[in-house]
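In this document, chain identifiers A, B, C, D and E correspond to the written order of the chains, with residue numbering beginning at 1 in each.
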Amino acid sequence: MKRTQRKRKERLFLWLCRGATFLAVGILFILLFHVVREGIQWLDLQFLDNFPSRKPERAGIKSALVGSVWLIGLTALISIPLSIASAIYLEEYAPRNKWMRILEINLANLAAMPSILYGLLGLAIFVRYFDLDRSLWSGALTLSLLVLPVIVIAAKGAIRSVPNSIREGAYALGARRWQVVFFQVLPGALPGIMTGVILALSRAMGETAPLIMVGALSYIAFLPEGPSDPFTALPVQIFNWAARPQEDFHGLAAGGIIVLLILLLTLNAGAVFIRHKLQRYK
Amino acid sequence: MLSRWIDHAVHLVLLVCVVITLLTTVVVVALLGKESFLFFQQVPLWEFLFGTRWEPLLEPKSFGVLPLVVGTLKIVIGSIAIALPLGLLIATYLSEFASGRMRSAIKPVLEILAGIPTVVYGYFALTFVTPLIRTLFPDTQIFNAASAAIVVGIMILPMISSLCDDAFQALPNSLREGAYALGATQYEVAVQVILPSAAARVGAAVILALSRAIGETMAVTLAAGATPQMSLGFLESIQTMTAYIVQVSLGDIPADGIEYLTCYAVGLLLFVMTLIMNIIGNHFITKTHKLHS
Amino acid sequence: MSEPLKDNNFSLETRNLSICYGEKQVVRQVNLSISSHQVTAVIGPSGCGKSTLLRTLNRMNDFIPNFSMEGEVLFQGKNLYEPSIDPGDIRQKIGMVFQRPNPFPKTIYKNVIWGPKIHGYKGNLQDLAEDALKRAALWDEVKDRLNDSALRLSGGQQQRLCIARAIAMNPEVILMDEPCSALDPGATARIEDLIQELRNNYTIVTVTHNMQQAARISDQTAFLYEGELVEYGATKKIFTQPEKKRTEDYITGRFG
Amino acid sequence: KELKGTVKVDGSSTVFPITEAVAEEFGMLKEHRRVRVTVGVSGTGGGFKKFLAGETDINDASRPIKQQEINKAQKNGIQYLELPVAYDGLSVVVNKANTWVDYLTVAELHKIWKPGSTVKTWKDIRPNWPDQKIQLYGPGTDSGTFDYFTETINGKSQASRSDFTKSEDDNVLVNGVAGDKGSLGYFGFAYYVENKDKIKVVPVKQGDNKPVAPTLTTINNGSYAPLSRPIFIYVNLHSAKKPEVREFIRFYLKHAKELAKEVGYVPLTDQEYQKYLDQFEHDFLKLAES
Amino acid sequence: MSEPLKDNNFSLETRNLSICYGEKQVVRQVNLSISSHQVTAVIGPSGCGKSTLLRTLNRMNDFIPNFSMEGEVLFQGKNLYEPSIDPGDIRQKIGMVFQRPNPFPKTIYKNVIWGPKIHGYKGNLQDLAEDALKRAALWDEVKDRLNDSALRLSGGQQQRLCIARAIAMNPEVILMDEPCSALDPGATARIEDLIQELRNNYTIVTVTHNMQQAARISDQTAFLYEGELVEYGATKKIFTQPEKKRTEDYITGRFG
């Protein structure tokens, strides 16, 4: 009696778990279906190759797409080395004392800080104080600050998960700390770091509010030629279209979302691929 | 001795990086603090913190931030109430029941959910979730906390499920074996052994997800409306702190008046709230850590 | 110490047991009869299939993905692998202790009573815990801190706790897979003493790659080599006059 | 000769569609190939902040400049010119299923929307209307639309009852009104025009006039009163010294008529555009001479 | 096998060495002189400070946060802990092998040459690797798959790889901290043989809690108990006529 009850509970639980998983996957598909149904008809080469326009049939996302690619590229260039270096310092060099604990809490707090606050920050610091105006620099630096703590935390975890025996082995061969860090620890931690980087950058790519605040533009009919040029980005363009009264623009917004998602998936697939390559010694 | 010298140089470079990270916080606090200071010169702190009417843009003005806090809490509580149980069930499925191939297929698929821009969630809430709620509860307002909380819950779901799955996976297999060897069922192992053993990391995941929910802006702006009010219901319109900041900073009001300063005061409060939450979370995690090792 | 094997005394029996992981056969045609209330040691070089064999005795292999087996395992005359049998029941009666101590990250007390509790034990849990801990020779060391985390115990204490945990289920058989290999000599000695005491009430099967240990604690010894049961019999005999050359070579340390 | 340089525009998202259309047409001309026009949407207030700091050349504004902003301009020595570019007719709308409303007077609107209003059902407005609960919808309190509506209907900008459903996104308001039987809301004319099939517009009666519904004509000729408001661009006159900015303004005022209509706003009359263009040339000349 | 300790033959010496972790003293006033080209075994019960002592001999303790020590450690007459000394140089000359094999997650070849490479070795790396692997008695088993991941080797092979890695640095001393405790008897025997061979070229200090092993492989034995060096001398003597009662008790297994 008792045992059959337990068995029943077990089965029920299994189905609950399964159900929850498929519910989540189901929601994803409903969401994607919604977006694709609305946007697919607008997706063509012209859509990718045109600048924004008041006429839906002429409107495209060229400047937004290029802007987003610039933005993510710059953000990656700024934030990845900086955050990995910080993570290395915190894990491998810094003394373990009260200050470091506080620093860590502070990092966690930055990672949790609402992105809108980064918008306020970017506006005050980069746009105004450093007089970078509403350039790609301002946008990328703001996004870098946003992703920095996220990557640092992920990278710290990855570095920590490299077994200590590897470090000891290396030190016992007379290696200096930097040699241990760069030749042993870092390669071992790279897959984990990559995952953190990709997740953080994907998040940055979808951010809207902070970008608008630091001055992503809504209409721009030329491509940025360098990081000091003004820019627009995919989520800003999507947001702009979605708020228009005309039905057709809502379809364009959905089209933009599809492009953004494809970009995200490409990024993720790239990460999976690299991670796979790096992991052959595991 | 070159490599010894390099060791010092590397040390220095890395230290500079950390200082930059630190500086971010200092600047955020300084910026929010400076502008908020101007605000609190005009509005007493206690009125801001304990006032129950938030109408800085209406005549007569009123600066009690509690309605925004209540709105934010509704989203946070609602979304976590959805994402935590679902996320734990999914994590359990992935880690304890699913085959390796199933797991590596489903996990990245779920992570797409976290990558979808939040604007999309806003429209999804309006066009799909809200009508669904309204068929169940016809009295529901078109903008309502429930719908926003649900989509925010969906948004943070992969975060919880992924992190908890990692936490479960990190537990040594010997723990499961020990339990199964006592004749336990999979349910008992998952709920009574695996889950409590991973409690610290589950807690960390929840804290992270909570802060994501607090910081969520666009979806909430679209789906929950812009009506700050003190109430307990989930079926009516609210406004969250982040939504208010966006509204003001992108709206048409003059950029130097007291109305505009409010968004720094709200920002500061938001900062303090996430900070307190993190400290609590951190404390809780180190405490459980200590117990377990 | 050892008597001749009597048929009616068998607690566990394997019949023509062969086991594969995927394509690879790791246990070949093993026929082993384990006597009640005795200590049976399984020895053999690393990778010869000792753990694999042991796990089939209480269906702990159910969780290994590419596991497959042929032959039968009889427990009290019944085949453990019949579809009508619930592995949970089996494991309740045939407990297991692992190579590395694996207490749950709960309190000492909860570690001991968790098993009986999930099976709906009706009696007084407090008494049960005390009894099990006493039998596992751990009571004196932990009686004042039953609500401390089990993870704060030393390795040897943890392993005894795991034994107490198994005992609390009141099993008939206790399987041990190298229970001392992660312990230092002092802790090992304590566990060995414990096994000596437990033999009065339980049937014990223990895997070890320490020959001295097998000689010290067991009544019967089974020597497994590359998945085959090379020799099986009274420990005294195996260690003094082994029948097979290979057994002798192994025991005298000529290979391993 | 070919123009080159940058024209920086920022400001209200309400005016954005018109400016975008102008920028697009402007950029399509061959002689403007090398002029880079950028348009942002920081909101009227955020836009003015940049405008008054001399960071932008033109500010899109969905409300007139406020006193504190004027002070700032004086302090910073910024000389500017206000140029109305189109009308937005604030449309009062109800649900399709609402059969009883024929029109609303300004006084009735005031009764509904005034601060502390006690109107809960339609019956509270006119006794012969049904006892149906009224659901109110309106734009966010930070918007120029809200500003204008409260000023004209309630006599003081930002004075309003607060227990109405607000959203930053007018599309969402449309859906709200379309989904609620007892609803009443107001928002920009363009959103009404695009959703004519989903919602019903309410004619507004001012004083003893006949009730007037918003249409292109009634807004344009001023008979839809008092709820049609002008929307503006503000030009920094110093910036106008740059030929590309000057050219852009001229282009704007010349083409605003057709382009405003195209994106859902109501154009001014030809004479008005001409008047503002003349004023611009005059003010600019004056500044250039001094 | 063992000669009397001669002063001029000492490779490593500790003088009044005391070590604390935080407040807790774990090594007390140890004076130990380790002869060149001999195998010195350090034995003692778990937690008596064997690993701690060993790590001070090549400054691997530098990474332990709350470590503090008094006294001196002399290597070729010079104090290892003088500020002018670079610990990297020390570890280059005094290699170490750990309890659990810890190959780098790289290829077998790269594991061996990594150390020499970072120290700017000028000669032919290929030859160096071959030589080290041969000395570690691993060459034959891996010569065909030098570019395979080291993690695919068996435990015993991994441990020999770690020894090869240490040898490739051409050190003067090799410290081993229970190098066999994670290995099965077969692999253990191979490592023991290897140590016998290596003694011709290197000074070896090995920690073990397996008394038989100490007896088999070492020339000198140091018995450590609760941080104190109870007895130190020729292995033969320690195992046959120990001077101290405590040593005798430990060796005969009366405690541990």
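Convention: a residue touches a chain if its C-beta (ideal position, glycine included) is under 8 Å from a C-beta of that chain, and two chains touch if they have at least 3 such contacts.
Computed from a prediction, not measured in an experiment: that's the story for all the values here.
Averaging Cα atoms per chain gives one point for each, and the point farthest from that of chain A is the centre of C.
For chain pairs A-C and A-E, the one joined by more C-beta pairs in contact is A-E. Chain D has its Cα centroid 83 Å from the Cα centroid of chain C. The centroid of the Cα atoms in chain A and the matching centroid in chain B are 16 Å apart. With centres taken as mean Cα positions, chain D sits 37 Å from chain A. The distance from the centre of chain B to the centre of chain C, each centre being the mean of the chain's C-alpha atoms, comes to 48 Å. Among all residues of chain A, those that touch two or more other chains are 6-7, 176, 179, 212-213, 242.
Among all residues of chain E, those that touch two or more other chains are 88, 118.
Residue positions 13, 41-42, 169 of chain D are each in touch with at least two other chains. Listed in rising order, the residues of chain C touching chain A in the complex are 86, 88-89, 118-120. Interface of chain B with chain D (complex): residues 55, 57-60, 126-127, 131, 134, 141-143, 221-222, 225-227, 229, 237, 246-257, 259-260. Residues 95-96, 163, 165-176, 179, 183-184, 187-188, 280-282 of chain A are the ones that touch chain E when the two sit in their complex. Residues of chain A that touch chain B in their complex: 6-7, 9-10, 12-14, 16-21, 23-25, 27-28, 30-31, 34-35, 82-83, 85-86, 88-90, 93-94, 103-117, 119-121, 124-125, 145, 148-149, 152, 176-179, 181, 199, 202-203, 205-206, 208-209, 212-213, 235, 238-239, 242, 257, 260-261, 264-265, 268, 272. Chain C makes touch with chain B in their complex at residues 58, 60, 63, 65, 87-92, 95-96, 98, 100, 102-106, 114-115, 118-119, 149, 151, 162, 165-166, 169.
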